[in-house]
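Multiple structures follow.
Both complexes shown next keep chain A, but they swap its partner, so chain B is in the first and chain C is in the second.
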Partner chain A sequence: MSFLHQLRAEWAKFHSVRAWILAVLGAAVVTAALGPLNLSTQHAPSGGPGPTLVRGPDGQAVNDSFYFVRRHLAGDGTITARITELSGITVTGPDRVSHEVQGWAKAGIIVKQSLTPGSPYAAIMLTGAHGVRFQDGYTHDTAGPARTVPCWLRLTRSADTVTGEESSDGTHWQRVGSVRIPGLAADAPAGLFVTSPSTVHVAAIDVPQTNPAAAVATFGPVALTGAWTPEPWSGAQFGGLGTSGDYPPGVDGGFTGNADAALTVTGAGDIAPVVGGSVLGNGATVEGFVGGTFAGLIALVVVAALFITTEYRRGLIRTTLAACPRPVRVLGAKTTVVACLGFTAGTLGATVAVLAGHHIADAHGIYTVPVTTPTLLRVEIGTGVLSAAMAVLALALGAVLRSGATAITVVIVATVVPYLLAVSPGLPTVAAQWLLRVTPAAGFAIRQSLPRFAQVDSSYIPPDGYFPLAPWAGAAVLCGYCVVAFTAASFLLRRREV
Partner chain B sequence: MRAVLHAEWTKQWSVPSTWWSLIAAIIVTIGGGAAMSALVHADTADGLARLAMSGVLLGQAVVAALGAAAIGDEYANGLIVTTVAAVPQRGSLLAAKAVVLGGTVLAATIIAASASLSWAVLLTIDAPDPQPDTAIQTVLKTAASMALIALLALGTATVFRSTATATGLVLGLLYLPPLLAALIADPAWQVRVQRYAPMSGVLTPIGNGTGREPASWSSVGVVATWAVAALGAGCHSLKRRDV
Partner chain C sequence: MSQHRQSATHKQSSSPANVIEVCEVSKRFGTVTALDGVSFAVRRGLVTGMVGPNGAGKSTVLRVILGLHRPDTGRALVDGRPYRDLSRPLTRVGSLLDASALHPARSARSHLRWLAHSQGIRATQADRLLERVGLASAARRRCGGFSLGMRQRLGLAAALLADPAAVLLDEPFNGLDPEGIVWMRELLAGLAAEGRAVLVSSHLIGELQQVAQHLIVLGTGRVLADAPVAELLTAQGPERADLEGVYFRLTQNAVRYQSSNAWRQA
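Coming up: the complex of A and B.
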C-alpha cells in the first residue's frame, strides 16, 4: 500500500469511532470557549476602563509619555544642549526616598512628527545607566558611547531626516544615529524631554515590585539654529503616564530656569514599547484568550494515545501490519492523521477564542494589549502547532508503551506539571526558566504575545508570561521530543513482532 | 463481603503493574519533594511542609492512573465478565475494589509523604521544624487526598469502561482548575475554582490564595465529595449496564 492509501485507511479507522471525532470537536470548542468565558467573569477595573493604550507606528502598544519642553521647528534646523546633571527621585519605602536614577531614565532632545501620542519621533538622549542612545519608532534603539554627565547632544533636522550627534566637549561631534520620518510636520514639535520609567525590582522568589520614579535633568545653554518659530519655551507632561511610569508622591513634572543659562526639567513616563510583567497591570492578553487550550490538549492527548493503543488491545495491529508490512509507514500515516486533526482543532479554536476574547474584553471595558498581526497569527497557528505536537507525542509514546493510560499520564505530567510549576509564583526564577527550557512545556513559548525589549526594564519572568526561549525555539524543543518519541516508536515497531 | 475483598486483593497483586505504579508513585512523590526542598528556600514550618509535599503534584497522576486501571483494565481484557458473574452484587464489588485500592494507596502514600517530610526537615536548616502533631496531620491529609484521587479515578473508569479515557479525565480535573484559575482576574471566582477543585486537598507550593488554610480537613472533604460522586456514578452505571 502506498502512503496515501495507508493515510486513507488510518483516517477511515479514526473517523469510524464517533467518540474520537467528538473529542476532537470538543477540543476545538473548549480551546475556543474557556478563555473568553474566564474573561466574562472579570469586571472592569474600578474607576472606569483601564488606560487607553497608545498604538505606535507598527500597530503595537507603546508608551509615549514624557515631560516635554518644546517649541516648533518649521523647516531645517538644529538644537544643541549640554546635560550637566541627571538624577532621580524614587520612593522605595515608607519615608525612604532614593535619588538614584533609573537605568533607563531618559533626558535629551526630541523631534516628533506631530502632537498625537504614538506618532513617530526621533530622539538623542543620555540615559541613567546605558550611556547615550539614539531612538526612533519606539522600538529602535541605537547605542552611542557609554557617557555620563556632562555631555553634549545635538539633533539636526534636514527635510524629513533627523540626525542625532553627541560630544564630550562640545567641539568634536560624533554621529550616533539618523532616521527618515516620512510626513514630518512642517512645524514639528521639538525640544527637550525628560522621562523615567518606574523602577522594577525582581527578587528571586517574591512578587516583583515596582516603585514610581521621576528623573531630574539640568540642561546647560540650549542653542538653536534654523527655522524655529519665535515663541517662548512651553512645558507640559506629554501623553499622560502610560503603563510603566508614575510620579512619586509629592513630585510633579515641570521645568525651571532659563534656556540661555540652565534649565532643570523633571519628568516621568517612558518612550518605549509596552511590555508585560509587573509594569502592565490588569490588561487582558491574547494568550489569556487561548488559555482553554490546556483542556483541549488533554482531550487530544487521550484520543491520539488511544488511536494506537486500542489497536494493541483489540489485536487490530496484527491486521494493520499484515495489510501494510512496513510499520514505519503505518506509524507515519497515523501521525499525519492526528497531527492534521490537532493542528486544525487548535488553530480553529484559537482563532475563535481570539475573536471572542477581544469582543468580550471590549464589552466588559477591559483593555487588551494590542499586538501586531504577525504576533496574532503566531499565537493562533502556534496553538495549532502545540496541539499537533502534543497529539504526535502521545501517539508515539502510545506505540512505545502499548498502554494508553501510561502514555497519557506521561505526556500530561511531563508537559502540564512543569508549566504549572513554572508559571506559579513560588519557584525560583532560574528553576522556572530551566523547566521551560528542557521539558516539553517549552513549546508553550510559541504563544508568548508580549514582547521583550532590552531597553525596557520589567519582570520578564514565567509567572508574568515570559518564556526563557524564543517562540519558535520553544516549539522546536517540543518538536524535538516528538522526533525522539517517533524514532523510538519506529525502531520498536520494526523490532517487535507486533 | 470478606470473600469479595479477598478476591479483589488477590487480583490487585496478581499484576506486576500494581507494584510498578506504587513504586513509581512513591519515587516521584519523594523525588519531587526533595528537588523542591533543595531548590527553594523555606523560612516557615508551613512553607517547609508545602515544599516537602510538592512531589504530590506528580504522584497524584500516577495514583490516578493506578485507580483507573483497577477496573478499566478488567474491561480491556474482558475479565469483568467473569468478575460480575462471580460477584453478582455489583455494589459490593465496587465497594470491595474501592476498599482494596484505597487502602493500598493510603499505605503507599503515607510512606511517601512521611519520607518526603522527613527528608525536607533534614535538608532544611533555617526553617523551624513542624510540630509533631502538625507533621502527622500533614502526612495523613496528603495520603487521604491521594487515596481519594485514586477512588475518583476508579469511579470515573467504571463509568467510561476505559482506563485511558478515565485517566485523561481525572488528570484534567486535577490540573486544569489551577491552570484556568491563573487566568481568572476576579479573585472571588479564583477562590471558588480552587476551593472546589479535587486538587484542593493537596498541599502544594501552588494554589495559594484560596482564602483559608490549605489542605485542611475540609479540603480533604472536597476531594472525598468528588470521589463519592464518581463512585456513585460508577455504581449506578455498573448496576444499570449488562457489564
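Coming up: the complex of A and C.
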C-alpha cells in the first residue's frame, strides 16, 4: 500500500518537471526517427533496385541459388549418384585464381517442392570440408560421415517423405537423414546440384573481405528408379546468385558429359539461410532501423540520473526521506518510474522506427533482411528493455555517486563507449567480443536480428551486428549490472545520513 | 540502551502530552561532538522554542528526531516510536528543515501534491494549504523563482499538509519580512492553540520572545536550559525581564564560533 503511495509520489515528482517529460518524449522520438532518417539519405545500389530477398518456409530470408541439373519425379523413386571429384575455382586476389574448394561448397542430390525460389526441399550432399550432410528447410543441417571423394549418395522419395543415404563403396548404405515435405508436388523437380558460397576472409583487424568462388563436381553414373518423367536432363542456374554467391570472372554455371557415364557440373550460390556480415551487401537490417536508440538512451540516462541527484543537490532528499523514511522503498519507487518510462519510450520508439524503416527502405529500393515475427518483437521490446535497464543503471549510480555529472559520465563510459569501440572496425575481434561480454554494453545484444548458422560462413563479428552473447544473455549481463548497482544504492541509502 | 528504553517508556507513560521525546541523544561527526546527551520533550498545545548559537546542534537534533541522522547513543521518539517506524510520518510530524530544498522547475502546487501522494492523502489538500499560507496566487509558478520568504511559506504549507500532531520548524523566520514575521508568530500560536506540539528553532531569541511558552537553550551540543519562558524570566530577576539577557547568560561559555576580542575592540 505504502509503496504505491510512494510510487505515485515519485511519478508526480517526475511529471511535474517539464524538462524531464520532454527528455523522455525526445528519447522516444530520436529512437523512432534517427535510424529511418539515416536510411533515407542512402540510395539504392547503382543499377536500379537491389535484389529482392527470398523468404524461406519460416518467413526468414534464404538463399536458394545453385546450378540445377534436373528432371521431374512424378511419384516415388530414387536417384543414386557417385561423386568422383569435387574441386573449386576461387578468386584469391587480383587476377589470381586457385582450385581451392570452399568448406561449404555443396554437390549432391536434391528434391524440391516446386521451382519457386524459397520452396521447401531436401538434399543429400558432399561438402568441401564438412563431409556428407543431409539438409532441408534451409536451416536444418544433419551431419553424416566425414567423407571425401569418392562417395555414393542416394535420395529416396516415398510419398512426401524424402530420405538421404550415403555409402563409401556403393553397396553398404547408411541413412543420414529423412524429412517429410508436406505438399511435395506430384512431379517434383529433382536432380543433381552444385553450389558454392563466396569466400569470407575475416582478418583480425581488417574489414572482412569476400571473393567469388564456384565449385566443380563430377558425378559418376546416375541411376534412377521409379516414376521419373521421360525427358532429357536440363541444366540452369536456379534462383540467381543470392546474397552469398558469385561466379569468378570468366566462369559460368553449366554441365558437361553424360549422366550414364560422368557428368561435370559447375555451380555457385548457396542453399542456406541469409546471414549478415560481409556476405549481406547493402541490405537494410531491422537493428539498423533502431539505430537511433543511442541518442535516446543518452537522454534517458541523463534524466534518470538527475531524478535522484538533483534531490541531493537541492537537499530535497531530506524532504523525501522525511515523507518516506524507508530509503529502499524510495529507491524502488524511483526505479519503477524510470524503468516504466524507459521501457515505454524504447518500445514505442523502436516500433515506430521499424515501421518507418521498412517504408523508407522500400521507397528507396533498398532491400530489408526479413526477420520472423518473434525476432521483430524481440527487437522492439528489447529496445524497451535496454532503455529501461540503462535508466535504472543511471538512477542507481546516481544514488551511489550523488552527482549527476559523475553518474552520467560513468554510465556512458561503461556502456556507450565499449559498444562504439566494439562495433567500429579497428578493434581486434577478440577484444571487441570481450567488451560485449563483460561490460554493460552486452545488453545491446538484445537487438541483434541477423541469424547465425554453423553451415554458413560469414564475418560473425560485432561490426557486422553479431554479438558474442545470445540476445537475452546479453540483456541478462546488463540487468546483472543493474541489480548490483541497485543493491549498492540500497545499502548506501540505508547506511548514509542525509 | 535498555536504560534509555526504560526511561523513554517511563516518560511516555507519565506524560501523554509529550508528542516528541529526545532521550540522552549524543552524536559525533568525526571529532566534533554535535550533541552530547541531549534530552527534552515537546509538549502538545505549546510553542517550544529551541535557541542556541550557530553550531549548538539545533539542526542536528531536528534531523535526529526525523530519522535522518542516527544518534550514536540515545533515541528520539515520536508518539513513543522511532520516526522511521511511522507508516505515514507526515500525518504525525510535519517539518520544515530547509526552505530552499525544492526543485526549481516544479511548481509550488506540484511540490505539495507529490508530498500528499506520498502520505496517501487527497491532493486537493495542496490547494487548501497554499491558500492558508498565502501562496494561492503563486501556486502554478515554478518555485525556482520564489523569494526566501515565499519558500518559507511553501515549506510551512508542506509541514502542515497532512494535519500533523507535531510541527518541527528550523529557522522559519529567516527571510520573512516584518509582516511575515508577525504572520508566522500568529500562525505558530494558532497551531499550538489547536493542540499541536510546535518546536521552533532559531538563533535569534528575539524572534521567539513573543510566541514561545517553553524554551530549550542549546549550546555546544548540550541542553543549557529547558523551562517555561515565564520561569526563565522570573529567575532573571524582576528588574530585567528580558529573554535576551537570559540567553546570553546561559550561552556565554557555550559558543562554538565566536569572533575574536581583538576584532570586537577594533
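We take it that the second predicted complex is superposed on the first by the 496 of 498 C-alpha atoms of A that agree within 3 Å, B and C clash if a C-alpha of one lies under 4 Å from a C-alpha of the other, contacts with A are read in each partner's own complex, and residues count from 1 in each chain.
The working rule: a contact is a pair of C-beta atoms (placed from the backbone, for glycine too) under 8 Å apart; a residue touches a chain by one contact, two chains touch by 3 or more.
The structure displayed is predicted, hence computed values, not measured ones.
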Subject >> Clash or fit, chain B versus chain C on superposed chain A >> reply: fit
Original post:
Given the touch rule stated above, what does A:I408 touch, chain B (first), chain C (second), both, or neither?
Top reply: first
**OP:** Using the touch definition from the top, say if A:A295 reaches chain B (first), chain C (second), both or neither.
**Re:** first
Original post:
Between the C-alpha centres of chain B and chain C, what angle is subtended at chain A's, in steps of 10°?
Top reply: 50
Original post:
Does chain B (first) or chain C (second) touch A:S16, or do both, or does neither?
Top reply: second
**OP:** Quick one: classify A:A431 as touching chain B (first), chain C (second), both or neither.
**Re:** first
**OP:** Using the superposition on chain A described above, determine whether A:G315 touches chain B (first), chain C (second), both, or neither.
**Re:** second
Original post:
Which partner does A:E497 contact after superposing on A: first (chain B), second (chain C), both, neither?
Top reply: second
Original post:
Does chain B (first) or chain C (second) touch A:S2, or do both, or does neither?
Top reply: second
Subject >> Of chain C and chain B, partner touching more chain A residues >> reply: B
Subject >> Shortest CA-CA distance in Å separating chain B from chain C in the superposed model >> reply: 10
Subject >> chain C to chain A touching residues, read off their complex >> reply: 63, 66-70, 83-84, 86-90, 95, 97-98, 100-107, 110-111, 113-115, 117-120, 158
Original post:
Which residues of chain B touch chain A in their complex?
Top reply: 36, 39-41, 54, 57-58, 61-62, 64-65, 68-69, 72, 76, 162-169, 171-172, 175-176, 178-180, 182-186, 189, 205-208
Original post:
Taking the complex as given, what residues does chain A use to touch chain C?
Top reply: 1-2, 5-6, 8-10, 12-13, 16-19, 310-311, 314-316, 318-326, 497-498
Subject >> chain B-facing residues of chain A, complex >> reply: 34-35, 38, 41-43, 205, 282, 288, 291-292, 294-295, 298-299, 301-302, 305-306, 309, 313, 404-409, 412-413, 416-417, 419-421, 423-428, 431
